[in-house]
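Please see the structure below; I have some questions.
Should a chain be cited, it is by its letter among A, B, C and D, assigned in written order, with residues numbered from 1 in that chain.
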Amino acid sequence: MSPNVTSPNGTSLNGTWAEAWIRECAGVIAEHRAELNTLDRAIGDGDHGENMDRGFQAVVLKLDALPSGSTPGEVLKLVATTLISTVGGASGPLFGTAFLKAAIAVSGADTLHAAATVALLTAARDGIVLRGKAQVGDKTMIDAWTPAVDAAIDSQHAGESVVTLLERAADAAATGALATEPLVAHKGRASYLGERAIGHRDPGAESTTLLLRAAAETAARA
Amino acid sequence: MKKLINDPKNVVNEAVAGFEAAHSDLVRVSHDPIFIVRADAPVAGKVGIVSGGGSGHEPMHGGFVGAGMLDAAVPGAVFTSPTPDPILAATQAVDGGAGVLHIVKNYTGDVLNFETAADLALAEGIEVAAVIINDDVAVKDSLYTAGRRGVAGTVLVEKIAGAAAERGDDLASVARVADKVNSLVRSMGVALTPCVVPHAGEPSFTLADDEIEIGIGIHGEPGRERIKLEPADAIVDRLLGPILTDLPFVSGDRVLLFVNGMGGTPQVELYIVFRRAAEVLAEHGIDIARTLVGNFTTSLEMQGMSISILKLDDELITLWDAPVATAALRWGR
Amino acid sequence: MKKLINDPKNVVNEAVAGFEAAHSDLVRVSHDPIFIVRADAPVAGKVGIVSGGGSGHEPMHGGFVGAGMLDAAVPGAVFTSPTPDPILAATQAVDGGAGVLHIVKNYTGDVLNFETAADLALAEGIEVAAVIINDDVAVKDSLYTAGRRGVAGTVLVEKIAGAAAERGDDLASVARVADKVNSLVRSMGVALTPCVVPHAGEPSFTLADDEIEIGIGIHGEPGRERIKLEPADAIVDRLLGPILTDLPFVSGDRVLLFVNGMGGTPQVELYIVFRRAAEVLAEHGIDIARTLVGNFTTSLEMQGMSISILKLDDELITLWDAPVATAALRWGR
Amino acid sequence: MSPNVTSPNGTSLNGTWAEAWIRECAGVIAEHRAELNTLDRAIGDGDHGENMDRGFQAVVLKLDALPSGSTPGEVLKLVATTLISTVGGASGPLFGTAFLKAAIAVSGADTLHAAATVALLTAARDGIVLRGKAQVGDKTMIDAWTPAVDAAIDSQHAGESVVTLLERAADAAATGALATEPLVAHKGRASYLGERAIGHRDPGAESTTLLLRAAAETAARA
């Protein structure tokens, strides 16, 4: 049996979860590498899967060297610096900043209750907006992140468990990613295409969904 | 996909190693992280100039490293902006105490990664200025988009800013001249065939045998519109329209006319294009004072070309004519 | 066929007109008959150097007209040797009283047409010498064939003979140096894709997606053998084998290593090739004293490359390093 | 009715025939342009039809300006200089020299009997050999020319009419051209191919056949 990732009553997530989450991210990104490239080829330059996979493979190597018992914040900080220095492109600095801001938001905490988890997601999203200046509807990863953050906040207000909170966030991200399809883009490479971007899903919104789904699934694997 | 490569993962590594072997008189190469600096870097008291971006646009930027042009080039993975680490390392390697100018093409990834590197360099006490290149008139302005892309006009900025740095201008002046060139250059391109990114193994888009893409970028991304193949002269006219009206370029202007190959188009076609472009400028009373023709800002093996026009004045002509000694652009020494 | 042309019949005319418009600082152009001369031709007292051949190999030869290299280039129709008339006219235009050297690639058509032109020039009192370039080791010797073809090694002959003429060598000496370079250079090429001659509109041959042609010439003619695509390093090894054993090149030799693109191959691949070639030469104890990488002797949009190796001595190094100012090759001025 | 090209008894050819022959050449070359290109693409560089067509189109323009009543030699000389200055490639100097030597061989004559016709063909063939140094079996146009010359000599010895003589020459050229198919080439571009030239007909031998067939057909059109 794998080590616990949540507190016995399921109300908080620990450093073991954070590490499991990130390893799961690496797995699903590798699995969806080609698919993300294909999405990016349609309205970008075809490298989003490649970029994310290069980054998360590097993260996994770094995780292997991380002392056990690290806090969620320590794990996320490592992810941030590794993504920043290995991914490149637009997604490297954006996801890198997201994890960096998330790490700062939860720094010091050994476990993350619902409020801290919301803080983590909010800081991540705000970090991306800070760097990329995208709004909802611009057909970027923000179209997945912002609904996810909103759903997490609703879930926290409803007093749901962190597992449920993450599931709702992932579901909202998925819906948000799907909703990018009919849009014209206003940020990123897809914006160069004008009307021709219509009908294609934003790759960064899709990868965001994969990362948040991984968060929910690893949390649920109690 | 047919390419002269060994492994898609090693394309950039191996190409840079080959570049080092071929041009050791002009450059030195760092392999981890990857960047290319001029052989005598850092030049004490001179503003350093660093450019970079995804690979696949060669000779841009490595081919422009050398006296009178770039002090360093930072190649990322194919069509992917480099990360901040090599940009920072290159910035440090070329800092001769007079500060460093980053020449950045306007893509979200390039801008963000250079921004981070600049922050880190600043934290280490290196003064950094940045100029963002956005010469591509095929893209609507930044109210609706990520802003105009930096394309072949970048070469002209790098040459002219390089000359300003070489003659001893300070960082603010070199940045000013780079901004000035960027503000006076306009470009637009066309693709006849897509390119194939090595790791993807498939064309970046598909075009029928009688279709071309107008308003293409330099990353194999689709262009502004897809039309039926036309005679070269008609295609040239299509590109020149938006270019000329944008600045605008008007009768009496002195310009540099730059016909840039996308990598897979034979030179004979580039000169057919140049002929028509020169004809049209003459009809507009625009004086072609300087010229450049060749593969300078490429998209791997893509067939196609872009036209760039830069409005010149005496300062820019003097800097353009100044000696340059790089692998891809060389005169005066 | 997708090309940036107007009419297959006007490809050479229009390209030459574009070349003239782009490089009026370096060359003058005659349109009927078609030839290109350096701007200051004829140079009194200097041996004139004329080269030429079918078009479609640009920048060869027009891109090599200028101080320190060719006095004139005579482009024929695409892949077709020019007739004697323009060769004669070019010979007359560059005769500065010291005689004229014809640099001719060894193809039946080129040899015969230049021969006739030389006879006619002689009849007009112009002293003419000719050197026939035959550097392609892919072809068996002339007992069985029309003899080895002249391929990319021609560029090296033109640069070095041009430097000899520029420093004032007499016709016999310039011819001797050209012959010497030809005798010391060996080349071999590979094609990944065919090219499309404009008037033909169809590829010169067909290759499956996983096939390449080894021992290709520069006219879209099929090569020596067709094999399955291999990693770049293996292909380089295949070309270097016959090249190295032919002269032979041996440990201790100083050489110029020239990786030439066939027109449609991205630079990044040429440098991957260069890297491996340099590695192999190092293993053989051969010293790479000079290098050249790029599209110099092309076959329209063909993807592929050739490797040329020239054995150097002090005389050849001095002449190679001498200043040259042409559209395609320039240094020292 | 077209003007006479042969003497009333059919024993000799005149300048009108020479001009008709060359115009016919231009016609059949134009007609077979693509076919000659295709033959040349297989074992050469794909331009033989283009080259010959460019040359003969130029010849026709020149012929229009030639004074009527010109001798066969005058017609052939014009063909020679025009081909030399417009065709280029290997075939330009070779066919150019062929017509030049043929013109010299019949210069001064107003009409060509069998002996003069043989002299014309022989001089043409010898001119090609002088410039190109090919032997029969080298897979070049000589593989059509030499059998044609031999057949013409036989016909002359048999006392046949010039029309028959030219028909035999054309037939022999056709057989010779066909016989190039199984050969490895030793001259011209096809020689670079080694064994790979086997199975393809030499384009210059084919165009030679077209020219000689045109000679016979225009002679027969009394």
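Operating definition for what follows: contacts are C-beta pairs under 8 Å (C-beta built on N, C-alpha and C of every residue); 3 or more make two chains touch, one makes a residue touch a chain.
Everything numeric here is computed off the predicted structure, so don't read it as measured data.
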Taking each chain's centre as the mean of its CA atoms, chain A sits from chain C at a distance in Å of 56
Dist(centroid_CA(chain A), centroid_CA(chain D)) in Å evaluates to 78
Chain B to chain C, mean C-alpha position gap in Å, rounds to 28
Taking each chain's centre as the mean of its CA atoms, chain A sits from chain B at a distance in Å of 33
Touching two or more other chains in chain D are residues none
Flagged in chain B as touching 2+ other chains are 78
Among line, ring, star, complete and other, the chain touch graph is line
One finds touching chains in the pairs A-B, B-C, C-D
Counting only contacts in the complex, chain C reaches chain B at residues 2-7, 11-12, 14-19, 21-23, 55-56, 58-59, 63, 78, 192-193, 209-210, 212, 229, 231-233, 235, 257, 259, 263-276, 278, 288, 291, 293, 295, 298, 300-301, 303-305, 325, 327, 330-333
Residue positions on chain A within touch of chain B in the complex are 37, 41, 43-47, 50-51, 54, 84-94, 131-132, 185-189, 191-194, 196
Listed in rising order, chain B residues that touch chain A in their complex are 54, 76-85, 107-109, 112-113, 115-116, 138-140, 144-146, 149, 197, 199-200, 202, 204-205, 217, 219-222, 224
